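Across the two complexes that follow, subunit A remains constant while its partner is subunit B and subsequently subunit C.
Let's look at the complex of A and B:
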């Protein structure tokens, strides 16, 4: 036993898979110690991009520090001049007859663009109405506002904030180089993966969902493996009519896709009665067939080996023969089958959730439900919120990847012909 | 046809018929175990607020008669089988009085036209790549193997979403959803066909990509196993050319891959159906998705029955093909 374990952990594939899986598992277990947020609590409305959010109100109320940041003005301009504005500047310069071949809307070319703008923009000139495309009053006003924005972007500008109303109002002046310290702001929230369509913190939700999906996979995998093992042992060792009946059932269910069975059972259950455990159990009892068939064929080949016959002659009980003379020989196979069942259980839940047949969505998040929400609320297309679905896909892929690696690693240890 | 083959075919046809019957029975029974009465919800939707108790009862009786729910379970089963064989699949619950065949009629062909070529192309490409990786066994194999394993671990819908976001939403190389421009009426014009082809690309390649990974990994280990077999070593000692040996190895490694395809085709179709819904491709996956969201059980069970029958036929055909390429079946020694 000890030797086998050592061999297994010497397989690089198994080791890498095991480490990835353990990292995922530990993250799921440890994360809730540090972040106490309810994974289903909505923090805002709709998708928020990943980042740290500070309360504007509290930031104004926090002590300020003077920081002379040399590139402050440039940064402020970069942030406040959207691509459309920069394009308009280029268009204007072009209309003025300036060579714009070296200019574009990127941040790197910002400085060149500003130099060219300051050299060539003249309000009086623009008023003369002689440039194509900038003939209307609205366009000229837009240009003037743009010019104001650029002129007032230096770090010496001030802004006045009025607090309260009427006579009680106080005015606070904020300088261009006033800074607040992030951890002094009373209300700030760090959302490394933004929020989803319900405004839930995606990272917290993802960690919780990963845990639930792993649980579903483990329950489904255990049930499928135990059922398969039981049926396979019975059919293989007892044989006879029992074998015929069990294999008749198994043959039917090998051809009818498990996916179809799951759709029929899940839709018959209705959304309210689909709890996490129910879902997992159903996935388990619809996917035992492959394990049963393989266990059966291995048991049949073991049944007539000498050591089994010796056991029989010694009058050992059926239970003892199965546990001591047969199970150890198929144990490695059963472990591998279990690993694959866990991975396919997680996948089955995700696929069913994508079809709208997932576990009850009001209870707990799962990876599949998160994908389904992302789809329903247009994260792929209209909102383009990559943080709502891409990490989910990666987590699913990493889980199956690590389980597959462990499986091939075990395969190489136990089937030496496959060794590289 | 040898005796062994005949026996093999008989056995396969027997199992085809048995599983077919089992599939029909399961499709009938499982939706009827559901909680809640579909008729009540339809009546609840359609009846005017001031209706008396008798009117409600009358309506319920009317709809129960329409759906054949007033008959006993055997009568219902007979209706179900009859409807399945004449191809109408009964009346839809959510879009009463439309026939189910009306709703899903065209979607079958979209699904077949999408999935059949995609799964075949993916299977062929995957096997070629796997065999190549096994034969070369070089740096590329070692470096690419983990990458391939990782990519084959990405679920079908994940690959579909990534393709959709990269190529349709961001690069705008392909349309985002549907099977043709929404403004078009299906016809045999060049414009319509080119629109269909443009919409076909992303769903097609996402299914191909999904199937390549798994097949390549399987084929590679099968080929490595065969390359280490005694007959290969013996053939090498005899000085038989590598090219010829590779042909034998490939053929022997192919056999389990054909059976593997027969066994995994159900799961592959399942994944591909979900991928369809990502692209809003008007196939069975989309019909099923819509039906699930409106609790339209006749449509769901029609979809699942059609999928099951398609998978049954596909694996039956693969079994037949297997008989022709496996010399053991030909030699009448097959179990």
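Let's look at the complex of A and C:
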């Protein structure tokens, strides 16, 4: 046993797969110790980009420190008017027939550009004249948004924050070189993976969902393996009429595409009754067939070995023969099959949830459900929110990659024909 | 030999598939002359028959009072959702009611012609009604409770309203719906169609009639499994000065048949669709982040004209829902801003902007009731403390300490449902369930399939679901009366297969009287008083509550090829109705090529 384990862990493939899998598993177990947040609680409003969010309200109440940053003014200008916006301003002035020979997008010429813009841009005029290249509604809207931005971002004035109303109001003046220390701001939230369409913290949700998907995979894999093992052992060892009956059932399951069967069962169940365990059990009982068939064929080849016959002659019971004389010989295969079943169970859940047939979405997140909602709210079309689906895809891929690596690693160790 | 045979077989298979798919050969559609639509046609078309049903021809056959699509067949008037007025199309000038509102007279435009060159006459309108009556199609079932007969009176059209027991017209507002909601067909063509089928109603209604005589600007071009296209009739009568004065800009109109919303959106982003009718989550990101030449009617939230209110209905067939305080408490606790921001991605005004009533957010409807009189009754939402207090005072409290309130000693557990796959509604129902949790009332959001859902909420009586979602009528000539009726009229209580309204089976004698009175009231002050009272009752009794405001049709345009679409404050008064619905079709005459 010790030797086998050492062999297994000497297989680089198995080791890599095992490490990846353990990292995922440990993250799922440890993460909730550090972040106590309900994974289904809506924090933001819709998709928020990944990043750290500071409360503006609290930042105004925090002590300010004077920091003279030489590039502050340039940064501010670049942030409020990026180069492409400046280029658009020049293009528009040109289309209007204004002389733009002295203008460019550099910071130095910014002042001139703004003067020229403010002197010439007029929303009604843009609408009426439909200058070439700016005739469409979309372009004119872009110009108007740009103009609003210019008007609201005049950076040469001090900013005042007024708190309260009437005589009780206190006024605070904010200067360009006032800074706050980030960790002194009372409220800030770090969202490494942003939020999803419901405004939920994607990372917390992802960790929770990974745990649940692993659980579904584990339950589904266990059921499928146990069922397949039982059927395979009985059919293979007992043989005869029992074999015929069991293989008849298995053949029926083989010819009906498993996924179609899953879809039918799931939609017949209805969303309310699709709990995690129910989902896992259904995946399990529709995917035992291949395990059963391979176990059966191996058992048939073992059935007439000498040691089995000896056991039979010694009058050992069926149970004892199967557990002591047959099972150990196919154990390595069963372990490998189990790993693959877990992997395919997770994938089956993800696929079904992606189709909107997953577990009840109100109670718990799963990887597939996260993908489904991301799809429904246009995360990869209109909403442009890669963080809502890409990390999920990565986790699914990593889980099944690590499990498959472990499987091939084991294969290398146990399968004599593949041994180096 | 075997290889060759299999190759030949495979080739034959592929060829036969191609042959089936391309039943009608595609014709040339130059991009610069074609206006492409999205989100209006799913699955191949069945036919072009304006008298029939289930033709599944979205681009030309979509009759609804809010804006009938008059691309191929035309109505008498066009409804404008922006100002609520009727604009003459086949009709000439305004219609005239007699004093009792029992007879409506209108003239037909002398310029109006059929595609075969013959003039449109009052006889055609009469024949449209008579033949609809004969074959009992949708026009007949929809309007026969309100219209007695249509006659040709000296070349004008005379519509006689059906009278009720008291000798008053059954409903003059629904007669107006007829003017904007029914396609007029040519008498000769319709009679020939009847003769062809020996007056067999079913055969007439299901005939695809690809050779139908029409009066609109576009006629059939070709249709197959992938695409349906229409071509401009360059002899269209509407170029007469009495109508549009010119032809619509695009020579062709086409709609590719996409698999689903996602596929449509991808095509729209790529500029393969010009006008798109679908809910696009975070539509502003298309231009803000992706820099696409995409625009909506309004450049900022809510981006469109919201005319309807998806509503959560309480099921009065279940005793616990009879408790007014419980109904109001749930409605008060719901976080509507959250629904609007997350489920609708801000494509709806908030209930702080447009306080709740029985009216939609358009100026026309908002002017119809006294805002101050109902001010104290309107709630903005997320008022958990207020809701808790209301329940405590009503004696609905948690006695056994399990965190959930009881009614008559039993834990209150409500099921809230909407169809599976209706994304924004599902998100809204989730938030109603969250509101329940906050006030100690268990609400479980469930999403039955559409098939199951539609049989449940239209039943005359059901005790399966306590809360469910549907929208009352949006903008149409009979609105907002039609909405008041749909929200509260007891005429729908106990009616099976009820798609019309009051799905929660609420009963109130006073509101029934108001619903009867409004259509017969012409005095504006009196009308306002009635609408104010109806709003009061609705807000006090809470038989249902609106969750958000929503456009009836979505309208987003990609200006890669065409520009000149309607935009807010452009002075044209053209509603953003996909350049085809009701008065929205006027947009087609303003389109220009970008280059």
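Here is the rule we go by: the second predicted complex is superposed on the first by the 346 of 420 C-alpha atoms of A that agree within 3 Å, B and C clash if a C-alpha of one lies under 4 Å from a C-alpha of the other, contacts with A are read in each partner's own complex, and residues count from 1 in each chain.
One rule holds in what follows: a contact is a pair of C-beta atoms (placed from the backbone, for glycine too) under 8 Å apart; a residue touches a chain by one contact, two chains touch by 3 or more.
Everything numeric here is computed off the predicted structure, so don't read it as measured data.
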Quiz item: Is A:139 contacted by the first partner subunit B, the second partner subunit C, both or neither?
Solution: second
Quiz prompt | Which superposed partner A:177 touches (first subunit B, second subunit C, both, neither) | solution = neither
Quiz item: Which partner, subunit B or subunit C, touches the larger number of subunit A residues?
Solution: B
Quiz item: Is A:375 contacted by the first partner subunit B, the second partner subunit C, both or neither?
Solution: both
Quiz item: Now for A:75: first (subunit B), second (subunit C), both, or neither, which partner does it touch?
Solution: neither
Exercise. Would you sort A:356 into first (subunit B), second (subunit C), both or neither based on which partner it touches?
Key: both
Practice problem: May I ask you to decide whether A:386 touches subunit B, subunit C, both, or neither, giving the answer as first, second, both or neither? | Solution: first
Exercise. Using the touch definition from the top, say if A:256 reaches subunit B (first), subunit C (second), both or neither.
Key: first
Exercise. Pick one for A:198: touches subunit B only (first), subunit C only (second), both, or neither.
Key: second
Quiz item: Which holds for A:55: it touches subunit B only (first), subunit C only (second), both, or neither?
Solution: neither
Quiz item: Can you pull the subunit A residues that subunit B and subunit C both touch?
Solution: 267, 270, 356, 375, 381, 384
Quiz item: Across the complex, what residues on subunit A touch subunit C?
Solution: 42, 45-47, 127, 135-139, 141-142, 144-145, 197-199, 267, 270-272, 356, 361-362, 375-378, 381-384
Quiz item: How about subunit C: which of its residues touch subunit A in the complex?
Solution: 262, 265-266, 269, 280-283, 285-287, 289-290, 292-295, 299, 338, 341-342, 345, 420-421, 423, 426-427, 430, 433, 444-449, 452, 557, 559, 563, 565, 567, 570, 592, 594
Quiz item: Mind pulling up the subunit B residues that touch subunit A in the complex?
Solution: 15, 18-19, 22-23, 26-27, 30-36, 149-150, 152-158, 161-162, 164-165, 169-170, 176-177, 221, 224-225, 228, 263, 266-267, 269-271, 273-274, 277-278, 285, 288-289, 292-293, 295, 297, 300-301, 304, 307-308, 311-312, 315
Practice problem: Please name which positions on subunit A make contact with subunit B in the complex. | Solution: 248, 251-252, 254-261, 263-265, 267-270, 273, 344, 347, 350-351, 354-357, 371, 375, 380-381, 384, 386, 389-390, 393, 396-398, 400-401, 404-405, 408, 411, 417-418
